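Same chain, two partners: chain A is paired with chain B first, then with chain C.
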Partner chain A sequence: MLLKEGKKILISIPFLIYVIVMAVAYQSQYSSANHEELAQPQPEQEQYLEYGSIDTGDTEMIMQGAVAKLIAEYSNNSYSSYPFGFYKEVRLNDNERDEMGEILTAMTGYTPEQIIETAFKIPYVTVDEESGNTVMVVPDTGEDIPIVSDRISYQEFQKLMDQAAELIGGGSSYSSEQLEALGRRPLNYEEAEAVYQQLKAGGYSEGYARLLCDYMCIFAGLFPAFISVAVWLRDRSAKMRDIIWTRKTSSIRLTFARYGAIILLCSVVVLVIAGIAALGLARLYPGDVSGISEFFILMIIWVIPSIMTSAAVGAFFTELTDTPLGILFMLGYWFMNLSITSLTMGGLNWFTFIPRHNTQFLADQFNEKYLLFLTNRFIFTAVSILLMLITALVLERKRRGRWLRLEKIGIHHRKES
Partner chain B sequence: MIRKKIEIKNLTQRYGKKTALKDVSLEIETGMFGLLGRNGAGKTTLMRTLVGLLPVNAGEIVLCGIPVSNIPEVRNMIGYLPQEFSLYPNMKVDEVLDYIGVLSNMPKTVRRERIDELLEKVNLQSDRLKKVKSLSGGMKRRLGMAQALLHDPEILIADEPTVGLDPEERVRLRNLLAAEAEDKIVILSTHIVEDIEAVCKNTAILDEGRLVYDGTIDRLIGETNTTGIEDAYLKAIHSREVF
Partner chain C sequence: MKKLVYITGKNLKYGLAAHLIIALLLCLMVPVIFGLNHLDRNMAAIPLERIVILTGILIMVPIFMPEQDRPLFDIMYTKMTPPAYVYAVRAVYSAIVVLLIPAVFTVVMYLLHSAVTLTHYLGTVSSAFFLGSIGALTLAVTNNTAAAYMIPVICYVICLATRSLKMFDVMMMSHGIINGKPYQMAVGILLTVTAVVIASLRKKLF
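Right after this comes the complex of A and B.
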């Protein structure tokens, strides 16, 4: 039965869309950025951006970085926000813009006119090599913007930034919970060399497998729900329910054959991508790649539980309601998870649906949370199986006419003859 | 040996406040049995209850010695051709039958043999590679018959199988049902009197959920003092008497 169900899914449009999405995600997110060998950092390099950046946690850096960004956005009246994890441009009306000007004046001491004049020169934050202090520099003139920490405390700064975030709306990076991300700085040579050596010590494949799984999980966490909903709605739309429901097969067998076929096919797609990525890495670092099995193992542990959950949620809600409600639920859950999880394992908890580790570096941070990560994945696997058991139970009750009396009345009044 | 017999005792079925079947008692044995009634008489409710798609509210149903509550056994012994049905439109004729065979837990070799046999019987042998969506209404109904007979059930229940078919297809389908009735219980539910007259010896008439007649067609004509089954049927449902 698994093969029969698999064949039907294999030639369905939702599955074709899934394959295309995963292939495009692999190419655009992972492959295009990692098709060249990562060179060992050299002391004379100008910057080390390709080796990542680091959360300084330095309040002075955060304050200066946030103010520089806010000045630039204020002058263009164009604020970037990420409600539910997706980019949205926000423009303020005149009153709101005045309020934002007052917030910036309170932080910098500049008048709104001075702020706009400064912003045209696109200020940036850096560390003064000699003093080691954080400075915000205005190019051309070399003039420094006043140090915010000289004027207000970090707590006052957070309050003002919360006001700014409220003006911009949901998903602003100025809210006090998000502010720390604005205190990131590029690595210096020693730091870049350290992360490079760590990546090399892991035989490259560990690091890149994590990065690949990070991207794949985002998409594999959503699209199987579409396949599932289509599969679970198909009997109804094809008017085959009564024929199927009166067959000898048990509801458990039917439910798990369909579910198993979806999981199997979706998993094959991500495992093929894992294989392609692993071979690509082996070609990039001949002789240095420790083993390609990491790609497959991590894909199974990391991504397949999300595929299982997504498909289970789609199946469960469709069986329960006979509508594509599962897609709406999954979309909401997926958006919410993406918007609250941080880009690295730092934000992981038991119920993080899409664990993130958006770098091939920072193995320590990943390994530190590995047990929690495994627990998280086990929870989602177990919940998925439980959901499918309930789905089978709902199906069996429907097959016996013991589910939702209203539905029965509706069907039978229509069919009564 | 279990006798092939359906026993329905005092069956009452309700949807909320509406009573669809009122205290219906019937015995149906091997052969062709016609179930007549107007739209809304309760025929589909009775069919769906017999195949286990509806729970019994009150009363008792025993199918060849098995209570209808024993759903796995009931599913094994019943073949059902619903009134409104279709089949996966993009599947080929033999694929869809093979899929139904899998759902009936039939081994592959048995499935293959049975599909060949049934396609021959319903005259779809040369159409086996056609997609379901390309079949005519009559061909789909014959394919529906084939799926209902696939697992060789002891009881075949066909709910309004001839509705919407042209005269030739109607006759063909009726004859198919009649051929199966030699060693099976075949229930033909319809509101078309002509179909019953053509192939059924015994019939029951339902009206507004009540059983108004149960017996042979000849007796129905005799007891209603009419000359044909059509008049007899009309008299039975309009007189509000139980014959």
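Right after this comes the complex of A and C.
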């Protein structure tokens, strides 16, 4: 039965589109890594942006950056927040504004009125007309921003900022994760050389396998839903129902044969891509690449659970509603996840649907989160199987005629009888 | 006239209502994800181009959906009214809905003091039409509902990630560009008409 379903899916239009999407995604997002050798950092280089950035943890820098931003936002009573990765303006009511004023007083020693009236030297971002680059400008005139560390410790500062973040709501700039970002800076030569050597020592394959999986998971997390919607929608017509539902095959077997065929075919596509990427890397760095199997292992652990989830969501909603609603649900879930997930493993949590690690570097950060990453993937695998069990249950009930009374066909049949 | 009212009424009830509810729910979700107040011109385009244009797909694809069921498709050809007439009626009321949803949304944003203009409205409608017509044409040609959603969603994802579709970038307004929007509208109308013609000739063509 798996083979039979597999054959049908293999020649279906949605699967063909899926193959094209994955191939184009690989070609456009990743393939350059197979053609251009990564250059070793040189001391005379002006900057080392391609090697990443580093969290300095410089508390002084974090505190001054955050308080300057908060003073500016408090004065205008307009706070920027990114609850789902997109800008949302928050305005506080009078009580909340008073509370925010107290927080700022504790950090700066200025009363709320003084904060509003004083012209501070608040840095702002603008576009340099000559170079066209985005630059940070500190005004020449005005009062210096009070040194927060003179008044309170970093722990006290964090507590106050937690209160500020709570007042503004989700996605504010003052959550602990966002505060850390204020202490981030680009790498210098020594640091860039160190990350380069680390990638080389790992035989390149680990870093590039992570990068490939990062890209592939984005697309493999969405498009299998379309394939399963197409497969399950085939049952919608009355004729198909008469043929399939009256067969002896159990609902579990039928559901999992279809699901298995989808997962198998979608997985083969990403594994072939993993093979192409692995061979490309081995050709680019002859003799230096170790363990190309990492591409396959990581692809199985990282990407296949997302394929499973996406296909399960599509199947479940189609079986339940007989409509392609699963596509919209999956698109919404995918869109929101992608918007709020940070680009590296640093922001991973249990329920991150599409884990990101958009760099071949930062192996330490990835390894640090590896256990959480495995747990996350296990959760999605388990949820997918559970969802498919429920899908089989729904099919079983429909075959027994339990839920047909709501449908036109059921009503029609009853009237006839 | 009586026939027109009858066909429109029945199709609105059985063909469009559920999809319209989903499209409206999608729009109601927007304030949860995006801020809609005090946005400047470019920022105001973001909720419109990220979410509201998707209503075009939700409304336009169902034009040819009822006939996915083969018995219904066969019955349609036993009637005096030509299928082209029914498809055209559906295409027209779907187009009206695609015009209305962004209108309401833009007015709400205007009342929330965002810098939306008539250009924002027309730009949103153009992209909604464009995406919706791609889906409708795909369904008319392939007779596969999932593919009909898949192709415009791919187009949407490409625009979300890159700016490679140039004139057909449905998110160009968020980058302060509008020159491609009239083309999107024109192509949208052309594709919808083509889809109606192909669907009407389905029995002869395929």
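Here is the rule we go by: the second predicted complex is superposed on the first by the 272 of 417 C-alpha atoms of A that agree within 3 Å, B and C clash if a C-alpha of one lies under 4 Å from a C-alpha of the other, contacts with A are read in each partner's own complex, and residues count from 1 in each chain.
The criterion applied here is as follows: contacts are C-beta pairs under 8 Å (C-beta built on N, C-alpha and C of every residue); 3 or more make two chains touch, one makes a residue touch a chain.
Keep in mind it's a predicted model, so treat the numbers as computed, not measured.
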Touched partner set for A:13, first chain B, second chain C, both or neither: second
Report for A:89: first if it touches chain B alone, second if chain C alone, otherwise both or neither. second
In the overlaid three-chain picture, which partner chain does A:233 touch, first (chain B) or second (chain C), both, or neither? second
Applying the document's definition of touch, where does A:372 land relative to chain B and chain C: first, second, both, or neither? neither
Just to be sure I read the superposition right, which of the two partners does A:1 touch: chain B = first, chain C = second, or both, or neither? first
Chain B versus chain C as contact partner of A:249, first or second or both or neither: first
With the two complexes superposed on chain A, say which partner A:331 touches: chain B (first), chain C (second), both, or neither. second
Do any residues of chain A touch both chain B and chain C, and if so, which are they? 238-239
Would you mind writing out the residues of chain B in touch with chain A in their complex? 15-16, 18, 20, 37-45, 48, 51-55, 71-72, 75-76, 78, 80, 82-91, 98-100, 102-105, 144, 147, 151, 159-160, 189, 191
As the complex stands, chain A meets chain B at residues 1, 4, 8, 11, 234, 238-240, 242-250, 254, 399-402, 405, 408-409, 412-413, 415-417
Quick one: which bits of chain A touch chain C in the complex? Just the residue numbers, please. 12-14, 17, 21, 28, 78, 81, 83-84, 86-90, 222-223, 226-227, 229-230, 233, 236-239, 323-325, 327-328, 331-332, 336, 339
List of chain C residues in touch with chain A within their complex: 18, 22, 26, 29, 32-35, 37-39, 43, 46-47, 50, 54, 58, 68-71, 142, 144-147, 149-151, 153-154, 157, 162
